[in-house]
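You will see two complexes here that share chain A, one where it goes with chain B and one where it goes with chain C.
Moving on to the complex of A and B:
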């Protein structure tokens, strides 16, 4: 709380002059930040609380059954040491990054941007139809989308039936190519969000700038790279961050489609955390994985903020 | 602002309703009974409904709240543990697998029953091994056995005959079993030759019906009960995984994808066997519970079509056959506010009449001596004698509280072999590497 109110206090001192007495300024500051209190409390209870308890839990041998369930012991870095020695964990980190890059950073962002650009110039009817189709995937509850994707990629599912129509014998996607299947499913599900963000951002690019670039002889690709992308940089940064954080935590989609299998071939970190915590009863180990997931999310967020500098203009 | 206010009001009402719920469940006159109800397994649900009615009639003022947990075996244990963690959700009476008793007693979820059984005249009807099955690591009693089970090979007589295997089938070694499966594969392309449960999806059924039925037929075991050490690096472990490899990678078993489905056990008993699509199945004595008239998939011809034979040891070594036994109990929740009434419920549920009814409908191997000798029980199911006789060669799972963790690692090893991610040797090595962590340190492990 104090760190938030502090800059406001100094600000008023600079502007307000010597006439306003200290207690009144302090009162005003408190008065001004009062509306923030409910949301701060909510954030503290429902966001900070779980983060801290998960962080603490990851240093204990907390368990669902056995003697550790009666009273968890502090075990220091044991859980983390155990994780980094476990090849399954390292594989899960790799699969998580693959899933993130494939489905969110490349898939959802590029496809969303492409759709947004195409739709600007499309016919109103085309725009409406495409927009509705894409957004449908997004408004479906995750569990429904997951079952739909499962039915689509299943060995005897829609995709292979369609392929059979043109004489191709499709592979057993969920079994032979589990990562491809879940990445495609997440692209399908998440593209609408990026498309909406970029549609809004593109309408903010002033036409006169684009036109003058055109007069200066800049072609389509050059306009995109030198005019459009820099101008919507802030939306890109925000969108990348949101889709990244959302994709890192995808659980239902993968769990329903492949349950992390076969074997461990699509076991991303959330699936592994669930397995360790709830299937194998090791809550401490599960929360350690969750904490690492949190750190990965934070690293990506910092990279986006640094690389795209949304605050500078 | 109005909208915010009304949202807040709704939230407040919802919160009040929720807290009302949890307060209500902890009240004085309610007995909460948690058990599994999943797929074809509805016998427990039927039984508990009937016992609840009897209980409420005998104990005026009490209500029984049945909590059927709709979950596959693995998820059932998880949900039960989560319920047990908080006093407001912990059940008073639990349907508890014998292999979890020691672990859950250590966790403080279960209340000791020694003082209760002292005054229970029926307790003398339970044989010693059934009493031991309910004991915790500290020697106290935590669960009362509802029935036990054994495991063996079920086979479809018609399918085996068609493939040129002599019926009644008498396999003498693992090789005989695999040879029969290969004959079925060659003769009948639409039929799955053999099923041995495997992988994480099946949970404990993979470990017990699958892996341990193999391993305990070798010269090795999981645990040396005299030195109290877990065994790593045994040949039997690798040999057992070799069979899993041959079945799943050699095209003798179900497709790996189907076998990894947590629901696969239901598919086997409810569809594949009755429809004649599976020739040999390594499975439990309780299978007919699905097929009898009150079962989930009634099948009048089951006893004509299905044959059963004991699982041979690896190379036919003495005693020639093997089996595994487990079973389920009723236990008393340690957080129960109403332990005496909950105990009355357990007593009622496991009296002679109710035990008899359950052992028949769920095709359990009776533990109560008066039930086991009752003609209603012995005549109810033609396979009762066969499976009861297997008790002579049966094995029990290592009776320690870390067993569930070891079981998980076995499932991981099986799955990596069946999917081809690891060779049996590699999978066994991974198991050996994580074993010390699972059992509480290298001092509890001995390497062969």
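Moving on to the complex of A and C:
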């Protein structure tokens, strides 16, 4: 990660003096910004376009089939009013929050931090093997990870087999406790990211600080709370933000494991948006959910960008 | 190192012992689902449970590796991910140059826009993107899908590329500039050769993301002969997933190998494993 956090090398700027006459300068500015154009066109058409049409579309009654498919009418806030009266939607909001808090904020962050700290004291071989396993779960294509998790949590899967070994008759995780299954699966899949971020952050904590605290008699827990965590708080906040954003857009894992079911018992917002739009042909409703997700994402992004502000300036 | 103290004291040794034990236990939990993939793929009688194969067979692999089932979808994945990565890298190199080298008024808002773009939840966008593709008549178009995937990976690619370019010294460029080389000549002849490893990291990063992307082609592509492996493997899971576990595991492994190989290559050869891993700032 360090290779990406270089500050801009001083002296790389300022080709050409500041004293050139005005018209030449304008032409030069245009010439110099020309290479930005292809990226702007691509982003405008394929990212900005859908975002804007999403905002607009959420105020219409468009659908994929039927009479409304031909000409979508403007319906104002109808979709949103309908959404907030829809028990499925309210449940989905709650499930999304549960998924975010359980798998990203608590699961991945705490486990990632724990792993990063244990790694510092672990044996080199243990460190390498465990690190590889954790990272493998994360670099595997999402759909493969989802299959592996599906098999693990299936009624006849590995987990229940293990529980049977100690005499416990495990539940049918994917049906009886779908949220627990997908939360644990997402922790399994995503912890590597937090582990890598926190490992990098912990190596940046100077040893003499923790050592002098140890000499002053601060125990392990005290050193963690008063020295280490405050020193890496910037990494913690950015990591929380990023894992939240990543988890907010998890679709494949849940879709493969439970398809949002049984019923809508594990439909987080991305799944519900998909179901409403493509399964029930309620494109307007699906778009309204997508819009709400985009707004939530945007709020997190703005907080994140404010934290990164010094990098841009 | 922190363990200079730890090694000498008894409490330090105990700490190491506890750490190792806990690490091994966590590692075991992480290993179980992965081990199932590996063992089931060689097992002629694979089930959903992790078990030692009842025999060793490559039948699962050979029966999956038919043109229709695996080769065509894998080739489609190569087209989709390769096309997406090539377009993204070219556009990102172009965009990174003025951002890294000139002090333009547009740079700051542009970079903020890019950062904002890296955070967009792409899954949330798929419903409106579908509507857009319907109105542009791009549904089931490989090129449309490639361009959308390129656009959605651009923000991160430009951000990475600019950071790599910032660390290329400007001295050589100044020499080229003094010899009267144009901006494009300087970029292609001087800067790009100097930052080859950085470009490779960005290329692989985008390629791997596109290779693993299931949702975008799942929504935007329809014809079976255009579907990439991510989607065809899901179709296989839907059709035979409840019976042919060994084949499903074998197919999953074949499909994962390029990603794992590229990751190892990037971290060992290019030394950019953490860059690929994080790509984002910690």
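Note that the second predicted complex is superposed on the first by the 249 of 313 C-alpha atoms of A that agree within 3 Å, B and C clash if a C-alpha of one lies under 4 Å from a C-alpha of the other, contacts with A are read in each partner's own complex, and residues count from 1 in each chain.
Simple rule for what comes next: contacts are C-beta pairs under 8 Å (C-beta built on N, C-alpha and C of every residue); 3 or more make two chains touch, one makes a residue touch a chain.
Just so it is clear, the model here is predicted, and its values are computed rather than measured.
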item: Chain B versus chain C as contact partner of A:265, first or second or both or neither; value: first
item: Touching partner for A:59 - first (chain B), second (chain C), both, neither; value: neither
item: Contacts of A:80 with chain B and chain C, given as first, second, both or neither; value: neither
item: Superposed model, chain A: greater residue contact from chain B or chain C; value: C
item: Partner chain(s) touched by A:89 [first = chain B, second = chain C, both, neither]; value: neither
item: Which of chain B and chain C A:99 touches, first, second, both or neither; value: neither
item: Partner chain(s) touched by A:173 [first = chain B, second = chain C, both, neither]; value: neither
item: Residues of chain A at both interfaces, chain B in one complex, chain C in the other; value: 278
item: Residues of chain A defined as touching chain C within the complex; value: 1-6, 8-9, 11-15, 29, 31-33, 35-36, 38-39, 42-43, 45-47, 49-51, 53-54, 57, 62, 111, 115, 118-123, 126-127, 129-130, 133-137, 139-145, 147-149, 151-152, 154, 156-158, 161-162, 188, 192-193, 196-197, 200-201, 207, 210-211, 214, 220, 235, 238-239, 242, 245, 248-252, 256, 269-270, 273-274, 277-278, 283, 286-287, 289-291, 293-294, 297-298, 300-302, 304-305, 308, 311-313
item: Residue ranges of chain C in contact with chain A within the complex; value: 1-3, 5-6, 15-16, 19-20, 22-24, 26-27, 29-34, 36-37, 40, 47-50, 90-92, 94-95, 97-106, 108, 110-113, 115-117, 119-132, 147-148, 150-152, 154-155, 158, 160, 163-164, 166-167, 169-170, 174, 177, 183, 187, 208, 211-212, 214-215, 219, 230, 233-234, 237, 241, 245, 248-249, 252-253, 255-256, 259-260, 263, 272, 274-275, 277-282
item: Of chain B, residues touching chain A in the complex; value: 74, 77-78, 81-82, 85, 100, 103-104, 106-109, 200-201, 256-257, 260, 262, 401-402, 404-405, 408, 415-416, 419, 421, 434, 437
item: Residue ranges of chain A in contact with chain B within the complex; value: 63-70, 82, 86, 155, 172, 174-175, 259, 261-265, 275, 278-282
